[in-house]
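Each of the next two complexes has subunit A plus one other chain: subunit B in the first, subunit C in the second.
Moving on, here comes the complex of A and B:
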């Protein structure tokens, strides 16, 4: 039943991530998204998109006309009327601007996010709800927490020329936004636009690949050689004991301490790079996964049947020759498993790369730049976007998309490892 | 190949000088020089291998060296006593104060919570795997455990922050009450069956079933009543913020679960068939065998598993950073799990960004002092757990 609980918690954990993560790849796009894709990425048929834009502009026209009429009314009305409606109207105007982007012919914002309306229909509908209803809290019952109360915004503008706008917005939202299903597989391979408001997560994906593969480059040779030494050559001497103790201690060091060490040693002392870099991050991660590789590889080498070794020796092979040509190939699946598992571990670790490699915004790097430059990476960006981004709720889909990518990457690696192990154990049983 | 052929060829005309077979005049035994040469070669190769294998030793040494090197200036600048006894954590003030007691307590609370969640469940799961469930079911459970262990910590943190915390905040009391039922009811049922079995074991065979039933019923009723009052109490709780000790404890507990399960399962299955069979042969029931023979025999291994679980929870950064609330204060009263806390790891991760520009200040060194505490604690508990694991291995042999 405890096992059931584990399974349940795995499902509870993965279910929302999968459901909402898919939303980053498949969603209902609005006409704004088509416009964005055309202008920023040069994708889509120009004629078609422009036709869509014109169509929606026509549908939006009554809204803008009503707004102009209201502004007119306000400028002509007395000061009391103006005071009553000014801030309320400004809010409505702002919200409508956020929903539909800048007014055609109006001035464009400096930030890309100001130049387009809501690109996703779910966000557009949420914004629409925000325009139609005002959220207030009812504190009349002091013994409980404030209750959320929705009040139609229309009531505020009752009797003014702006009143019909709300009905029009509600009725014609589909005509104004022209939603359509979009399969955005390029989410993985697009650069982000304007701090992840638009676009994809390629710099993060690439950074994660660099970091984890870099860690492997350093960790694999040392790990496997150490495993060979421990499994085949080491006696029960003091040095061996010391090495074993240090491996298990290294495995127990908290990951954040690795990060601090990476900062103090690789960056501040050795000066591999002026500040954070992929190189320093990879080295730190390599230390982190080293114990995993050594232990699992040693296990794999030791589990090669004695007969293999004895047969090779009896053919006149010397020890190192035996190890390289007989023992290692036989232990290869096990070693491979350890490598794959630690690749997943390196890809998912956040704490060691905070101080050594990760930045929140960055371009995809070329290979030679990894020696000196920091990179965005999936795990760090998940943290960063979920806690420190200025519009956390607006870009939930990006966060979920990143989490999904990371989880799928890690679980696929682990699944591969499990499958390899299963095949090996079958082989050994035979 | 050639050598082998040569052996047979040479075997026919071995020389008179010695009785060993000769290959076209050459002794098959290595000459002294070759032997020496090979010896030196293998020794050199071995030592190169040993050097490479010592990288982890070197790394550990360097980690200790560099962390302590940067931690010492802090104690020299700010003194030791204040750091461990004061709760005034104001690192960014003009006259900064570095009292980290609240942060130590925060770490301890979160870890304790995680242990409370994961240890009973983990050991139960390990028992199920090693003794109760059929062997084949392990095939399906192991991947689940591995996947749970493989999911990156930032994903757990994201879940805690984005899914679990709002849920707690909105439906805190109800969720808690429901959670109490879900977790404790099966536990209570199993407990009542096992205890009933043990309490009635002294009775004769005919009485036994009846007695067991009665005992089990009594215990079940008592525990259900306990659960009911507990959940009633919980449902009255108001959760002000979803990012608190409780949230983090649950998530950390789930994260530590795979480690505890796999290590203690190893320990339990290392106990061996003969112990179990001996116990059954003496007429013990399955529950008695489990509780009185197997668990005590695997005690040290289970203990090692618990320590590893503690280490996992204590050393975890991302989950606590994202979902513990990061308030450097001791909850009031200390067992109030609905309060936010701040932990050592989260402080290191969170403050380094600001401290980085002033490398060399107390603000920078204090983080290394914290890391040193973590490191030393991790090292000691690792030693202890190794010791117990070794003991467990020795016992099973």
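Moving on, here comes the complex of A and C:
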């Protein structure tokens, strides 16, 4: 029941993210996407895709023909005509190229993004709108900011041989792009192509997994050993109190401070890696979550009923044996909870990995490469795509897809925590 | 067991034995001898130090910070409080059953096998034999033989307590300490525990702390009455409950205080 309620409330809260994020997985693809998938990932039926391509090429033919005719008209016209239309036409040509990709038989661009048109129908329609309507600003009222005015581009070319192209584009856009629903679950497992213009987010997902699991590899043993020491051996002295206060305040340190510390200590001082690496990032994240694990595990160990300890001791168990065989298993639900909560925390943290592990573009790493190589990671890439990518609007769906993936990842982790804790505490009847 | 042994052989002897919690003296200068193979009950009002005394026989008080002892407590003429005594060996010889049933959250089998495993029994066959024998001795075998792999916490309170007894005798101690073993149980379960104590008589030297004087009268051969940390009277149960020597004892067992 509690799980259900939590899920529902989270879904309500996260609804906008969910709706936008789903766009990365389910969308209307164009023929360009099918072609891209075939050529770059070898997916799809070659015959079918090529048939689609031929069909759309046929539909696009009138557009290209009109363009050729206009170019012809320009070359024959006087210089005044040329001056009037040259830059206007260049813009149209560029926009159409962006919409439909390079002209068949034309020169292929070096960048992948230049070789294909719009792969998503929503982006294609936005581009179409840009072709049909020209955006200008009306500054006639000087007391206010310029007002955006849309006026048909067709008006510019009225009377020329290019004029009909706009009507054709509007009418036949579906024939030219052949949209269809695409369920792109491989978004999760595909490498990104051309800085996230195409493809998926596997390097980011993998990097996030490496970082958070790596953090756990360091944080769990240290955390549990420290918790055992504090709960069972330390006693109540001034030193113990000092240690406890330190741990608590460590939990309150801003995460960016951990990031800088990680850079200064693990990379610059200890030289674990020459530059950013998953190793350094994991260690930094481990420091970040260590206080959580220590405090929660200590509480869990302390709340193990005294009867268990007494029984084990009375049977002749030594203290460490009692701790390992009776106390730790009984404290397991609490310890597990802290571990999985911190796993979620480590997966979602951005600041500690900026200086220690994260890069904006990278390949998926093999396990042994994590010792020396940096990796892209979801939280950092979300930030990076939103602020520093050259075409933020073009790839919004990737950004939201990453956010959704991260949120689902963390939710799943927390859900697992709840389920494991339930199962274990059921076994312990507590 | 012959007559002489059962009467004369005192397995646990204390001489002027005291236990302190910080400055507070919980047990004051107790001198007594507990006979081997007999059931000895320790009675007395709450806070009289009877549990503390019991727990010092297997040094469970070591766990309590600020607790120290004075005087001598000897088992088999060996003072158990000197440094060279290993508590693990001591506790292997002195089993304990607690007031609240406290089986581990493990299977029935693993509960009973816990002690033997600590003391180095590894083979599954041997462990099975020990578990079976212990459960049979604890009169629990027939009830749990089909669910040895079930969680011990699934058993009823009374079964749990008998399981704890089985767990304690699985390491074959010679002394069994029981700290109000039936006080958390219903009358039927209490009856079963008392029958069990009766069965174990002779094989183990049992020291039982109880609040319940009828219980002490029913199960024990000897009774010690502790009051405010001091041993007031100690003798055969029959005599003590019919004809106590001290006035305080009489007042207590007739229910005038406590």
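The criterion applied here is as follows: the second predicted complex is superposed on the first by the 398 of 430 C-alpha atoms of A that agree within 3 Å, B and C clash if a C-alpha of one lies under 4 Å from a C-alpha of the other, contacts with A are read in each partner's own complex, and residues count from 1 in each chain.
To be clear about the criterion, a contact is a pair of C-beta atoms (placed from the backbone, for glycine too) under 8 Å apart; a residue touches a chain by one contact, two chains touch by 3 or more.
Predicted, not measured: the structure shown is a model, and the values here were computed from it.
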item: Which of subunit B and subunit C A:349 touches, first, second, both or neither; value: first
item: Contacts of A:13 with subunit B and subunit C, given as first, second, both or neither; value: first
item: Contacts of A:406 with subunit B and subunit C, given as first, second, both or neither; value: first
item: Touched partner set for A:371, first subunit B, second subunit C, both or neither; value: neither
item: Contacts of A:308 with subunit B and subunit C, given as first, second, both or neither; value: second
item: Touched partner set for A:243, first subunit B, second subunit C, both or neither; value: first
item: Touched partner set for A:326, first subunit B, second subunit C, both or neither; value: second
item: Touching partner for A:126 - first (subunit B), second (subunit C), both, neither; value: neither
item: Contacts of A:228 with subunit B and subunit C, given as first, second, both or neither; value: first
item: Subunit C versus subunit B, contacts on subunit A by residue; value: B
item: Contact residues of subunit A, present in both the subunit B and the subunit C interface; value: 316
item: Complex contacts: residues of subunit C adjacent to subunit A; value: 58, 60, 63, 65, 87-89, 91-92, 95-96, 98, 100, 102-106, 114-115, 118-119, 151, 153, 164, 167-168, 171
item: Subunit B - residues contacting subunit A, complex; value: 3-4, 42, 45-46, 49-50, 52-57, 59-63, 66-67, 69-70, 121-122, 124-125, 128-129, 133, 141, 143-148, 150-159, 161-163, 183, 186, 190, 238, 254, 257-258, 261, 308, 311, 314-318, 321-322, 345, 348-349, 352, 356, 359, 367-368, 371, 374-375, 378-379, 381-383, 385-386
item: Contact set on subunit A toward subunit C in their complex; value: 235, 305, 307-318, 321, 325-326, 329-330, 427-429
item: Subunit B contact footprint on subunit A (complex, rising order); value: 1-3, 5-7, 9-10, 13, 16-17, 145, 221-222, 225-226, 228-230, 233-234, 239, 242-243, 245-261, 263-265, 268-269, 287, 290-291, 294, 316, 319-320, 341, 344-345, 347-351, 354-355, 379-380, 382-383, 386-387, 396, 399, 403, 406-407, 410-411, 413-414, 418
